[in-house]
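First up is the structure itself, then whatever we jot down about it.
Letters A, B, C, D, E and F mark the chains in the order given here, with residues in each chain numbered from 1 onward.
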Amino acid sequence: MASERSYGRAPAQLRPVTIEPDFVRSATGSALISAGETRVICTASVEESVPRWMVGRGTGWLTAEYAMLPASTGRRKARDVTQGKVDGRSVEIQRLIGRSLRGVVDFAGLGERTVYIDCDVLQADGGTRCAAITGGFVALRRALDRLVAEGALERLPLTGSVAAVSAGVVGGVPLLDLDYPEDAAAEVDANVVMTGDGGLVEVQATAERMPLSRAHLDELLALAEQGIEQLRAAQQEAVEA
Amino acid sequence: MASERSYGRAPAQLRPVTIEPDFVRSATGSALISAGETRVICTASVEESVPRWMVGRGTGWLTAEYAMLPASTGRRKARDVTQGKVDGRSVEIQRLIGRSLRGVVDFAGLGERTVYIDCDVLQADGGTRCAAITGGFVALRRALDRLVAEGALERLPLTGSVAAVSAGVVGGVPLLDLDYPEDAAAEVDANVVMTGDGGLVEVQATAERMPLSRAHLDELLALAEQGIEQLRAAQQEAVEA
Amino acid sequence: MASERSYGRAPAQLRPVTIEPDFVRSATGSALISAGETRVICTASVEESVPRWMVGRGTGWLTAEYAMLPASTGRRKARDVTQGKVDGRSVEIQRLIGRSLRGVVDFAGLGERTVYIDCDVLQADGGTRCAAITGGFVALRRALDRLVAEGALERLPLTGSVAAVSAGVVGGVPLLDLDYPEDAAAEVDANVVMTGDGGLVEVQATAERMPLSRAHLDELLALAEQGIEQLRAAQQEAVEA
Amino acid sequence: MASERSYGRAPAQLRPVTIEPDFVRSATGSALISAGETRVICTASVEESVPRWMVGRGTGWLTAEYAMLPASTGRRKARDVTQGKVDGRSVEIQRLIGRSLRGVVDFAGLGERTVYIDCDVLQADGGTRCAAITGGFVALRRALDRLVAEGALERLPLTGSVAAVSAGVVGGVPLLDLDYPEDAAAEVDANVVMTGDGGLVEVQATAERMPLSRAHLDELLALAEQGIEQLRAAQQEAVEA
Amino acid sequence: MASERSYGRAPAQLRPVTIEPDFVRSATGSALISAGETRVICTASVEESVPRWMVGRGTGWLTAEYAMLPASTGRRKARDVTQGKVDGRSVEIQRLIGRSLRGVVDFAGLGERTVYIDCDVLQADGGTRCAAITGGFVALRRALDRLVAEGALERLPLTGSVAAVSAGVVGGVPLLDLDYPEDAAAEVDANVVMTGDGGLVEVQATAERMPLSRAHLDELLALAEQGIEQLRAAQQEAVEA
Amino acid sequence: MASERSYGRAPAQLRPVTIEPDFVRSATGSALISAGETRVICTASVEESVPRWMVGRGTGWLTAEYAMLPASTGRRKARDVTQGKVDGRSVEIQRLIGRSLRGVVDFAGLGERTVYIDCDVLQADGGTRCAAITGGFVALRRALDRLVAEGALERLPLTGSVAAVSAGVVGGVPLLDLDYPEDAAAEVDANVVMTGDGGLVEVQATAERMPLSRAHLDELLALAEQGIEQLRAAQQEAVEA
């Protein structure tokens, strides 16, 4: 299967990645990230308040929401509001995005502010949660840069950068950055979130069809590490735009 | 006030309009419409079924949904699902979009299919409902063109095109295509939906601050007619892309 | 069709209208309006507070709700709470009622109070939204009269009266005040809201089956103007009861 | 307190009762019942189907819904749909109404039909649940009479009539048919549902302030029996209208 | 039928009852009550606040919730949250539990605190609402005993104890404490709540298949009185544990 | 900190574990699992049908739900139905439970049946999701054993057993099976799901306070492997009860 990967990719190769900063001009910070045919709109909105239980501590908060536009996937997906609740998969994903981005924020430095990261999937072709984290960081960084530029913050309240990538075992072969057909066929599916300097923030590995061996887990982590390095470069470029 | 319109516009002038067709590649048809700083993603998804009460009649249906992305407006707008219901203004707007587009569909020609038009506002600077109708028509047309190209339909089940524009009275002066600051200051606000050959599909005029005279209503309808003509040209260009 | 109108009406004739003030004795103000077989219970409740975002401005607010009793229509209509949300059509209608009545309220004169107008349809035979506005004004007026009588207000915080009527084109003939069978057959359907002294507050015209010409729109507005005059007389009588 | 009852009533006396049949002409059967200042609109709607779990048994079903119009009570009561759920008290009441009316229906005789009884409180001054049962029976009877008249049923599928009344102990004195001020002051509050020939269908007695003695319970049941007899006469008159 | 009662019971005999106090160690007070195969987990949680409308009065409140675990009954029962609302029967039951327990609380003595009684049915074999009240009282008492022991309260804010039992007429025979098969076959079903010193708190009797005579009602009340006495003993034992 | 672990545990030691099978007699299969002060009721209910989209494939499905009883935690936790939605953390957990148990079911062998695993937390002291998986497996196994015993299944449709345990880094020290205070203080928190023969089913590691090193991840996985072995023994004992 590896010989027929989209874009003629090698097993350890990412799909073409582009990050267009400031895609949504009404947002404090934003980015449109594309990873192959997967495209996610990420925005960061900053409110000058915190949830009630945090008031008075002098520290801030970050929360994330994730949704798929109805036409982002082959068969139209009904909006959450029509179902009366956020789809279970989306709940799981937005909690992951929130934890991942909070991992690099200095909340004392942010002060009593809340950052909302909204990730709306324009096209879904596998890896949307990882794209949301990677693009969400750029939106966050752009928003905080603006607060610094406007004098609302003295310095950037970030301890580093964060990005995410998927890896999986398909037909016995470990592959980096699965697209949707690969994901659907994978025996094992892992999502790995890392800081820019290589620390693990979150590892989620799921054996879909057969238990995962420690050896495969190690290979997936190594692939992910390579992918993250390239994503960090794409982030850097977008951030400096 | 007319002397300081955005883009240095004359009272009867539209904001710059662009319509990018096929912006969402996973949709059957789509368009990204920009009218000044207002930007709306429009998609058309076709399902091979109709609501239960229509089964067996041999005719199709079209329904529309409208939502604002949280960061599309100055202060972050909570998602409908968080509030537990579609925002009242959005309900009113999506019903208008649906009626407007149904006005030009030949449902017998469509057969037992449902077309979903989804309009998601990326940036809101006034006139989003009109942009959604104008862009929604392009998404619809692109989707139906594809069904024809694929042989699912013999001919295009459309009786014409449809577009919409706002007009209003601001400081006593009738103006075409209000942006948000103008809309907020308007004494009268009208939304006019017309077919490509100049027939009225829907007129909604609301006196916000003082009753509307028949003379002003006539002026607004005349302005709208001019605007629609230009929008039809932009649609035509997008459709032929 | 015009020759067989209900009540043997001419095209420009209203159905018999009666407005019974103070129908709900537990409400601050109320009216039961009948327009032919359409009957709507309208009440006005006044609370001594305003929505949070208005506190401290010294001005009041008015909001409207509209619902159909389950047996008001041929086939029983499930209650909104059973569906988990207000019916889309009702949302659109209650927003129209609210805008129309707010158009004649002097909110500075009202002070920091909220008026709730509740319109519950007892029987639906076409024109319920117009009956709700016309009867809702009487309920509002009765409630404000009471506040004046009780000394809570120095003078009536109204700038005039407001009423609404429908008109449409059926079989090519413009008709005033459509009943349900006429409405279902109409090519064009318009709802017109006017102040007592003849100013337009809201115009909503929808082409259901074929685009609407400017000539027809003008005829419908003229018909509506005649109807409103008679409704104003019925309101006046009820208000002075 | 008994010496100052509304309408100068003796302890064992009902408030003035009137039942206006066919108040809602769009319903299959209906009644407006007034018991003093308490007024409830009752309708019966018949659908030619049964809940899924009953299909094929040849028997019918009856279900009841109860709601208060927002202005029926002193301080405006928000609609259930606004709260997102039926108010707990209303749930309890509509279950009681349904059980009470089902107690006199011959469901085999009804066939596979569902009767919906809707009870909407226009004015609430104590005893609304009892008024809803008493008036609901009239609406039910009028609807079934119509089905018989139309030939849909051969004979009336009822085993008798049913009515309900409240009784309570206020200031140590047993009283029939409490109005709201009496109800609010009652030590014990009972609702008694009886068939026309004097059988108990449901007894609910609640000690609000002090435990209830068997002697008082007996007195309340005796009072109720007297009240039911008068209600039955009012029902009879309405049914024969 | 009486000759074949579960556990070889006589008509006036309870099922074996056990009450295990402090079953949930994270709760302030708790009990697991078993009445034959019916088992209910009861907990009491105390919060140092009251509903907004009670603030500043110096008195407390008690509220109850009732739910069935999905596997507590033969066919799995979907959770309330999946249905989007509390099941109607549960609403009715939790209101009964709340009223019953509030009947013995001295709210001035409790101070501005709210007690939550949660009753979760582990196994349902008839009589769950009565078991919930009887076990709920033990949970409540254990919680208040703890507040006294910790010095938060000077004395126990209770005016007595409370327990509940069902009785019914099955095949013409009055029986105490119906299990599920008896309940499903009963002509009449009554739930009786009494204080420890024999006062009636609530009586609910429902004729399921034929009207109830006064004679039968008296017999059921007498049976209940006997049952309550035994339940009080079981409560006493658990409370002193 | 390791020197003061609850139960005087060494870093690689589990809390005392007991699994009581058949705790809920109305369920097809059930278990009450205790891990120190954490206690979870697990039930398995089997329905003879599958979700609509699976009908006709001859294979079954398993789905899991997770909820906390209100008094299971220090401060009373409102029920999901009161909030109108399943708590986000619970959604994430029940998806994990479902995936983990599905990993060992032979769905072709199960046939067109759905197994519902319900995990209700009685007491929460850390590690509830792992206890739910470990106890859920016992409930599942008991239910399937019963289906085999009753002849509904020819053989057990399981490919093995599954259990889960947490591990984390607290104060720089890797620890097995965190209780709540340890969990709240952990720098890294991992949940590991393994089959009885040592294959990884799911790994979720989250760096709460500082990025996780590969070395630490390896240590946590090794600790988990030891824990799982002991849990498997406890499961085995319960299953053979």
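Simple rule for what comes next: a residue touches a chain if its C-beta (ideal position, glycine included) is under 8 Å from a C-beta of that chain, and two chains touch if they have at least 3 such contacts.
Because the structure is predicted, anything quoted here is derived from the model rather than measured.
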Chain-touch separation of chain B and chain F, in steps, is 2
Touching chain C and chain D alike are none
Farthest chain from chain E by C-alpha centroid distance is chain B
Among A-F, D-E or A-B, the pair whose interface repeats that of C-D, with over half of its contact pairs matching by residue number, is A-B
The distance between the C-alpha centres of chain B and chain E, rounded to whole Å, is 59
Expressed in whole Å, how far the mean CA point of chain C lies from that of chain E is 51
Within chain D, the set of residues that touch 2 or more other chains is 84-86
Within the complex, chain B is touched by chain A residues 24-28, 30, 37, 41, 43-45, 47, 65, 67, 69-76, 79-81, 84-86, 116, 118, 120, 122-125
Touching chain D in the complex, chain E uses residues 85-86, 88-89, 91-92, 94-95, 99, 103, 194-195, 198-207, 210-214, 217, 221
